[in-house]
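Okay, so chain A shows up in both of these, paired with chain B first and chain C after.
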Partner chain A sequence: MKQPVTPGFILAAFLGIVLPGFSQEALTVYVEGETTARNLEGKLLSLEIGDPLKSGESVITKITGRADLELPNKSTIQIKPNTVFTLGEVELEGEKQTVLSTAVGSVAYRLNKFTGRGPSIRTAGAIAGVRGTDLTVYAGADGSTLVVVEKGTVAVESAGEEVILETNEAVEVKAGSPPGQKFSWIGKQIDYSQWNQGKLEEFLQDPVAGLYRVADQLEAYRKGMEEILPELKKAEEEWAAKYEELKKAVEAKDEEKASNLREELIKGVGEDRRILFLNKRFYALSYLSMRRYVVGGLYLQMKARYLTKPTDEIFIQYKALHEEILKQYEEIIVPHLVEADI
Partner chain B sequence: MNRNFIKSPVVKNLFLAALAAALLSIFFGCDLAGSKGVSIEERIDSFIEDINAGLYDNLYTHFHPTETEKYAEIKPAGFWTTIFPDTGDYSLSNKSIVGSTCTGKITGGDIYSNTLITFYMAKDGDDYMIKRLDIADVTKVDSMIPY
Partner chain C sequence: MIRHATRSSGFLCAGIVLAIVLSSCATVPYVQKEDRVYKLIELINRGEVTEVPGLVTTPFLVDGEIVLLQKDLVDFWDNLYNAGFQIRNPRIRQNRFAMPEDARMFRDSMEVRTFFKKYIDTNTSLVEIESADGTYYFLLNREVKGYPRIQGFRGPVQ
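Now for the complex of A and B:
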């Protein structure tokens, strides 16, 4: 079956990573300060050393918090203060790929070689494919991303464009935009709080343009999901047609035909449909995450700053775009979510 | 019947205790001498009952919340409707439980006719939950690879 081609898929193909991957699960090896985990039911629980982190679960650190996770191949993930990090997974060509997502904040990775498909490292605005690499990913409150490579090679992809980073190189990606010019970070002290504050100030200089960039990224998720929908519909229609045929074959007691159709429904079109459904859910849940942590966070910033001047033209424009994003979210994404997601 | 036997206070108390235990067992379905929590068989029966009742929104709740892969993705009823078409006539036969794995044959929905089904189970507290589901050797819901 033709799989939906996602940016991560293009990247993995570029890197020539084709062997079967591992299933993602991380172990908490260090916890400090105010650090919680959001479990699969959406409940916030205290994170403790020794706790496993499963696919779909998040670690949330406050200003005093940090946590270190370890993957089965002994790769380490260092989650720094004021960060929301999620462990996820997508299925590509019937293989699973780990997705390490930073919604906001900064996360440092020391990644050993993977026996199969390497993980995809994502923020709201960029995707990085890595293998045997040390890197830090900073995700700003405005949806920007800064990828800093300490060792190894990283391919950073956004808005259909890609840049390859080697040791000691870095690149910044604004939400919904292609990667910027890569630069050498040697001799420059990168501090997340300062960088994030800078991003926020930059955003506040022209918040409407900043929110448009975030909207572009959300649009990419929407597009990713909507590209799958026709294929999913086709698979569902094919499934339904074959199921009708099966019912007729059963009624006619044509056991040979029924047996062939059962095989097709369980292993053929039924499997295509199942995988497409899971991929669609991945995009919908990514959209939800960005809407919750970036769009929600920025709106709070704007509301606080314009508390005494709610009729300011900039705030009115911002609010209108914000409401448009929420409307699209409600109309396009929410139908693909269930109550437990929200 | 020897009425004096029943009248003996010790025997009378023992009789009342046994009666109370029997009533508890009947009303609450608890196995007073056995283990607590949901057994493998009870979990699987309950899963099939929910399919037959059309409670597809509920099916993910039979899966282990931390040992099932893509637990978040399998929550919608829509995930299940092509795996178990809504005909309400599913039954399991030849159930065999070895360790925490249950194999059997599923029939129903026209799609399954004595088809091999395997449930891989894991405990969540006292209750057994499904962590992986295979039908005809195809993994429909996968489990995490043990750490």
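Now for the complex of A and C:
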């Protein structure tokens, strides 16, 4: 699972600039059944005990698969069957934050205290901020999320609203909606397959409304990304101008000026550009993840059920909205993705 | 000396011919056997596709959707059968090796083009099947337990 070397990195290295890399890594400590890792080049490889998982890489478990990962502070992540989990990073207020995302499926976390900012636990529809917590996150086929806290405190945020969960509390969040009422899960057996089946049945009662909820969540990712684009463009222009200056200084053998420019390219405008780029990627990849595992999964459910009745009005409406989502994705998000993301 | 040189060049020629034969074997596009395709359709119509291990594996293409989760794929085939899906009166209209340009038969998108680039190789055939309900496209790879392995499905196209 090698990190791809981009032409930009080669050029920068040639001019003596060392770019900061993505540092967050998890170690695979247990694997069972069929479990694959999707590396930064987009290749699907069999996951083995001892494999590191880097920022941007995913674990996909099949029906019999499961995997346990360990973070550098000995926190553990248990990835259960039929799950897509991604390790990522964003930059918030100048500080890197690890993002642990479940696109679909269920993941249990035993999180120790972190130095600096704690990780953000995400699904397609909700964000949980945690520190020293044991919790399980369930991400449903319809984009819903269920967060169950076993120990500690978790702040669950969605659609601009937040709910605080304490030990033995849980909350469900529908795609594109604020968190629901929190409840005590003690005495209730929570089984992912059953919960997910319930979510799917709920979705099938009114699939068009369900897809609109998913579209609302996708819209939030699109807005998040598009807000960053003008700033990123400005930072890239500034970086390119400084880079041209550096090339001239190197050609002119003006070592002092070149040294100052290198510093600016790394810490000044270079740092701004890097953070904005990282955050833009985060939104684009979050959109892709929801499009792939939720929108794609629901399309398969609908197609299989309605293939024998293609003139059904519900299916016609559903297909039209699905097509609209794909068009928006292809026009707005795909230009910010690379083949390795697919 | 002359005899030795002749023998060497003879070996060289034989080696080159062998290398060409071996390399062409490895890259000759594979076209699906028609009787196997019909056998697969019978299996689909009986709703037993997911009962043959390794026959439907991820990554898989359904129309413009890349399927990476095995459960989604198993559910898809099971739900199709439960909904009464059958390919009635099938007739193979086209059976040839799949090419990158065929991506647009599924969806003209960067995702599907990438799927073809990554997962479709010289072992994959594009099979077009005409039926009573429209035309279906299948991406079929080499056999698994006597059936072509399915990599992609689209249809019915009217």
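The rule is simple: the second predicted complex is superposed on the first by the 282 of 342 C-alpha atoms of A that agree within 3 Å, B and C clash if a C-alpha of one lies under 4 Å from a C-alpha of the other, contacts with A are read in each partner's own complex, and residues count from 1 in each chain.
Convention: a contact is a pair of C-beta atoms (placed from the backbone, for glycine too) under 8 Å apart; a residue touches a chain by one contact, two chains touch by 3 or more.
Everything numeric here is computed off the predicted structure, so don't read it as measured data.
In the superposed three-chain model, the partner touching more residues of chain A is B, compared with the other of chain B and chain C.
Contacts of A:Gly56 after superposition: chain B is touched, whereas chain C is not reached.
After overlaying the two complexes on the shared chain, residue contacts for A:Glu25 are found with chain B alone; chain C is out of touch.
Shared-chain residue A:Lys267: touches chain B; no touch with chain C. Contact with chain C, but none with chain B, is seen for A:Leu307 once the two complexes are overlaid on the shared chain. In the superposition on chain A, contact is made by A:Asn82 with chain C only, not with chain B.
Every residue of chain A that touches chain B in the complex is listed here, in rising order: 22-23, 25, 27, 39-41, 52, 54-57, 72, 89, 96, 236, 239, 243, 246-247, 250, 258-259, 262-263, 265-267, 270-271, 273-274, 277-278, 281-282, 285, 336, 338, 340-341. Those residues of chain A lying in contact with chain C across their complex are 34, 38, 42, 44, 60, 62-63, 82, 84, 104, 292-293, 296-297, 299-301, 303-308, 310, 326, 330, 334, 337, 339, 342. Every residue of chain C that touches chain A in the complex is listed here, in rising order: 58-59, 62-80, 83-85, 109-111, 114-115, 117-118, 156. The touching residues of chain B, when paired with chain A in their complex, are 57, 65-67, 69-76, 78-79, 82-83, 85, 110-113, 115, 135-136, 138, 140, 142, 144-145, 147.
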